[in-house]
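There are structures below to look over.
Shared between the two complexes below is chain A, which has chain B as its partner in the first and chain C in the second.
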Partner chain A sequence: MTDYKISAKGVQVYYGDTHAIKDVDVDIEDKTVTAFIGPSGCGKSTFLRTLNRMNDTIDICRVQGDIRIDGEDIYDSAVDPVQLRAKVGMVFQKPNPFPKSIYDNVAYGPKIHGLARNKAELDEIVESSLRKAALWTEAKDRLNAPGTGLSGGQQQRLCIARAIATAPEVLLMDEPCSALDPIATAQVEELIDELRQSFSVVIVTHSMQQAARVSQKTAFFHLGNLVEYGETDKIFTNPEDPRTESYISGRIG
Partner chain B sequence: MTDLSSTEPKAHRSLKVADARTKKRNAAEKRFRAYGIVAIAIGGLFLLALTYNILKAGLPAFTQYVVELEVTLTQDEFDAAESQMLKTAAYTDIFIGNFEANLAERGVAVPYDADAIERLLGKVGGDIRSYYRENLDDIGQPVTFQLQTSSRVEGYFKGRVNRDTIVDSRFLMGSDLDIVDALRDSGVLTSRFNWDFITGKDSGVDNPGGAGIGASAIGSLFMMLVVLFLSLPIGVAASIYLEEFAPKNRLTDLVEVNISNLAAVPSIVFGILGLSVFIQFAHLPQSAPLVGGLVLTLMTLPTIIISTRASLKSVPPSIRDAALGIGASKMQSVFHHVLPLAMPGILTGTIIGLAQALGETAPLLLIGMVGFVAREYPDGVVSGFMDPNSAMPAQIYTWAARADVGFYEKAWGGIIVLLIFLLLMNALAIFLRKKFERRW
Partner chain C sequence: MSLILIVSIVIALAVIGYVLGVQRAVSSADGDQRILHSLKGYYGQNVALTVLVPSLLVLAIWAIAQPLLIDQSVSGLLNLEDSRAQSLAMADVRRVAEGLDTAIAQGALTSDAAANMDAETTDVRDLLGDIGVAVGSDVTPETLNAAQRYRGLSNTGSWARGFVVLAIALAGFAFALSRITKDFRARNIVERGVLVLLIAAASVAVLTTIGIVLSLIFNTINFLQAYPAADFFFGTRWEPSFSGRGGSSELGFLPLIWGTMFISIISLIVAVPLGLFSAIYLSEYASPRVRSIAKPMLEILAGIPTIVYGLFALLTVGPLLVSAFGQGGFFGVDWMSGGTAAMTAGLVMGIMLIPFVSSLSDDIINAVPQAMRDGSYGLGATQSETIRQVIIPAALPGIVGAILLAASRAIGETMIVVLGAGAAASLSLNPFEAMTTVTAKIVSQLTGDGEFNSPETMVAFALGMTLFVITLCLNVFALYIVRKYREQYD
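Here is the complex of A and B:
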């Protein structure tokens, strides 16, 4: 049996009376890009947010089932969601840099988690994170400029840099390219591919081409069910479930 | 029969000619704009009329009329006056004696009448006495006094009475006006800016000329300090808890509804609450700025809580997500990210709340912060949170209620001072908002 990074069994999510995620089992491997695809409202983003307990912030949301990261139940009452989120970083659909300088955006996570002992170490973390996010060459001369003054694509890469600065082990990305133009999208996709060397990346996307380009594993969600999960190549070329095939060929969605 | 597929060309209509529908829409739009302009114009007109009235009635309060005179008081005269029963009367006599000689020296021809002079300069005895008692070294030296004329004389200069309407009284006789005119024409009697009104304290009911708003302004200042340092931290803490941390349930709903209701409670209710709780139950001193500040804090809290919650709500949730997503705790996300963004709104709300409190009168009447004669305070300066004092709006109310017409202009003048304070506070609110907004 392989050691999975994330292992979810029998996950149910309810929003009030709505049953948003129905009995989903998924095992996610380390150092792999896993894509969640499916039509709008199918629950893929909801499921993604259960993986770092961002759903805790929604009062009416209830999560049942068993989700383990490195074998630890993340919904155990002893688990501090704040520590969990430092380990499982997240990049959101809309770029949401803090209204602070570029430097402060990246340095904020390491600061609150005490990852740097002094200014020099912090500088180093900021530089390496911006380098990994392919933003260093554009940003190095304007580290004190506001992060909100960057273009949309740059802002999203800044958010990625901010997420990886806290040295997470898993990176969750919720449609990170939906607000970006094709060139910025290509840059972010290239970036995701590089991030795979260090993290396990889970990405929610509406673009099947994107899923095919960046991911090794793909999961297809439909109406709250996980319909099919497997190697990306197989899902896109030879899906087992007729619903997957209809979605991929553009008949449902 | 009409054929739908008729090839008959549709009549060409130029875009330059508006059709009936467009004309109607454009007319409606024009009408609406006109309504708006009319509404604003009416508002502006009222504001203009109000400002004009306030300035017209209140500006005279900033002018006072004084008689300049050099006096040399000898030690013997001082000792003699201090040994008399009616000390100020003795000084008045000394002054009047000096005055006649002085006028003759300066070659000013005035139909001299000691009684009339005493009427015109009713308070001089007290003014001279209090000066020498504080400056014993000046006895024997020539001292130039600028002595304030009585409020009746001021009334004559400010147009409250003229030679036709004057009624002879023990305060002013019609015949005295000849002397007044002569003094003014010769330059002995001049007008100057009334600093006493800005810095002074309230005066007796028969001496509107000596009334000032300074002491009650200090009372207002002490109250505002109490309000600021209590209501800002309590209000902001309550709002942050309710908005960011409190579970949404019946209890918090109830608290929320009640805060909104409190904002609409008449201020006099807060006054009676303050009277029964702070004065009768907690035995805090009556008329103290501390009590006034506590009452106004209760009144200001709902305003601050409501505006703070509104500005917390207006911070985009994506900022909270961003902070939580990289492992910030709830409190870190609020204090590091949400609160700084909400700060301009919080400060604006706070200052508007303070401005409201500054202008509040009704609750102060109930806790005894009504204008008083500060005779108990020789220095006239109110020194603390526990000393009895008044506040500007209560002082204005007191003046407006007094019988002597001289207080009328004081009331309006007080309103001008109060409005200047309010304008300054609003300017500060705008400045702070701009300053904090520019940071990102």
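Here is the complex of A and C:
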């Protein structure tokens, strides 16, 4: 039990009157890539956003149940959601660099959390984050250029660099490749595989090929329920639930 | 032929044309509407538009051109050199001509008698006085002669006008009707007619603006011929005298623009932080319920007439400031001697501007994509960190645009200044001293009883022109910045 990085029990999420997540139990391991798959509107993104309390910013959203990261209940009133989000980083569907320079985009998180004591340390964090995000060679000569001037794939890698610069323990990725072309997608997927060395990564994806390529564990969501959760190989080759099988073979969703 | 009669005939023709057009279209298709190119109403509209648009256009042009032409031809009869005397004499001529019209309408004169009247034998002034038309001085033979000529020309003119306009309307009527067949593309023609109507509406606005600007420019040039430009633009004293003409007045522009800038800057110092903070609160922190109450409340401030703010400045804020900064006041300083001061007007104007700044900034802050906020929150930033470091920088160009728009509004504000800032034009640094602005002086120059052609009055145009140029530059700059900002996200 304590092996799990994140463990969720009986999670319910409501948007106003809509019951978006119904009694989901899931345990996510450290230093693995876990993929959430399922048809649109099945609640996988919503569930992802409960893991770093991003749903707090939506007024009508209510979360019930028990979610623990490293054994600590993140919905406990003693937990500071701001601190939590520094620990659980997030990359969004659409690349959303800030209208600042590339350097400032990456330095944003470390500056807020006081991770660097001086300019040299900050430079180092920026460089290592950009290196990990495979953007350093392309960006090192234009660190002061605006982040919005990069191409879509580069922007997304910038956002990943920005997220890992705060040294999170978990990285949540909400369809990080849906706005990217195949080449950029391949780069990001490669990156995810490398990130597994340092973090636990949870990725929401619409592409089953992607889930199969990058993840070790896969969870299939359908209509707000967690239908099946297990080893990626097993889910894709020998699913237990008929709903999982029909989704994977393209009959629902 | 009177204008109303012409217009009603043209409209009647258009209505008849519509009905006939529809009938003709339907009968050309042997009653089967499906084989018509367009819906039957379009055929009618086509006829109606062909009747209305050209004829009314000619009517409008005629209405502008006829008085100009008549004036020119009649004023030749008066033989006056001076253009001022000329325009006064023309006013008399028009008055006598109107008087004669009234006399004929009331039956006091036959139209023959009016046309053949002789100023040597008849006392025209008495005669017109009897029927209630007062003429300033005795009517000279030249004036009467010119008035008779004026009447004759306008009569001929209005008959010709009626004839030409109706002829055009009828020609349009016949032409449009004759073209109707079942394959006639009435729909497309109507589309073009609609375009013409819209262009006409737009050009009224544009032409009016151009007209106002031109009149400002010409009057400014007139003023600068009567008063040296260097003294106007660089003079440091504003002391108009209404007794003499020119010479004795000092019409320096600097004290006025100084007052304008001083008061505007005070008002922006009040309005920008308050407006911006309330915009941030409303768009980022307020719950939907608070927002739905507070935002309209704030916008009510924008709906209060500025004269009400002026009263507020004069009766409340001024005395309050005196009791704080005046002799024996709260702070024990003696900076302020009267309630009317730059500070009074600036504070009240600042309050007036809050809704401008807040409402525009609120829109701009809301236009910053949610993805920016998510990105920042996702990195563990707090709300105020997100606002300070992500949202404000992203919205900054738009906010600057909003502030510049508020500034041009502050520069053009009049009533608050008239009531709150006093009337003394001074180049003082003390905000608790009475000051005045360009706009307030335009009011006082034009409401004085100076002659209209004296520099003391004409200076209002030069002031207006300068103000117009300043606010225009500010607005253009603001729009440029706002547009540049828009390109970022679209």
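In the analysis below, the second predicted complex is superposed on the first by the 251 of 253 C-alpha atoms of A that agree within 3 Å, B and C clash if a C-alpha of one lies under 4 Å from a C-alpha of the other, contacts with A are read in each partner's own complex, and residues count from 1 in each chain.
Operating definition for what follows: a contact is a pair of C-beta atoms (placed from the backbone, for glycine too) under 8 Å apart; a residue touches a chain by one contact, two chains touch by 3 or more.
Bear in mind the structure is a predicted one, so any value in this text is a computation, not a measurement.
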Chain A superposed: clash or fit between chain B and chain C? clash
Report for A:Ile69: first if it touches chain B alone, second if chain C alone, otherwise both or neither. neither
Output check: A:Ile112 vs chain B and chain C. Expected answer is one of first, second, both, neither. What do you get? both
Which partner chains sit in contact with A:Cys159 here, chain B, chain C, both or neither? Use first/second/both/neither. both
Same chain A residues contacting chain B and chain C, which ones? 52, 54, 57, 59, 82-87, 89-92, 94, 96-100, 108-109, 112-113, 148, 159, 162-163, 166
Show me the residue ranges of chain B that touch chain A in the complex, using the header's touch definition. 247-248, 316, 318-329, 332, 336-337, 341, 439-440
Any idea which chain A residues touch chain C in the complex? 52, 54, 57, 59, 82-87, 89-92, 94, 96-100, 108-109, 112-113, 148, 159, 162-163, 166
Complex interface listing, chain A residues touching chain B: 52, 54, 57, 59, 82-87, 89-92, 94, 96-100, 108-109, 112-113, 146, 148, 159, 162-163, 165-166
Given the complex, residues on chain C that touch chain A span 287-288, 369, 371-382, 385, 389-390, 393-394, 488
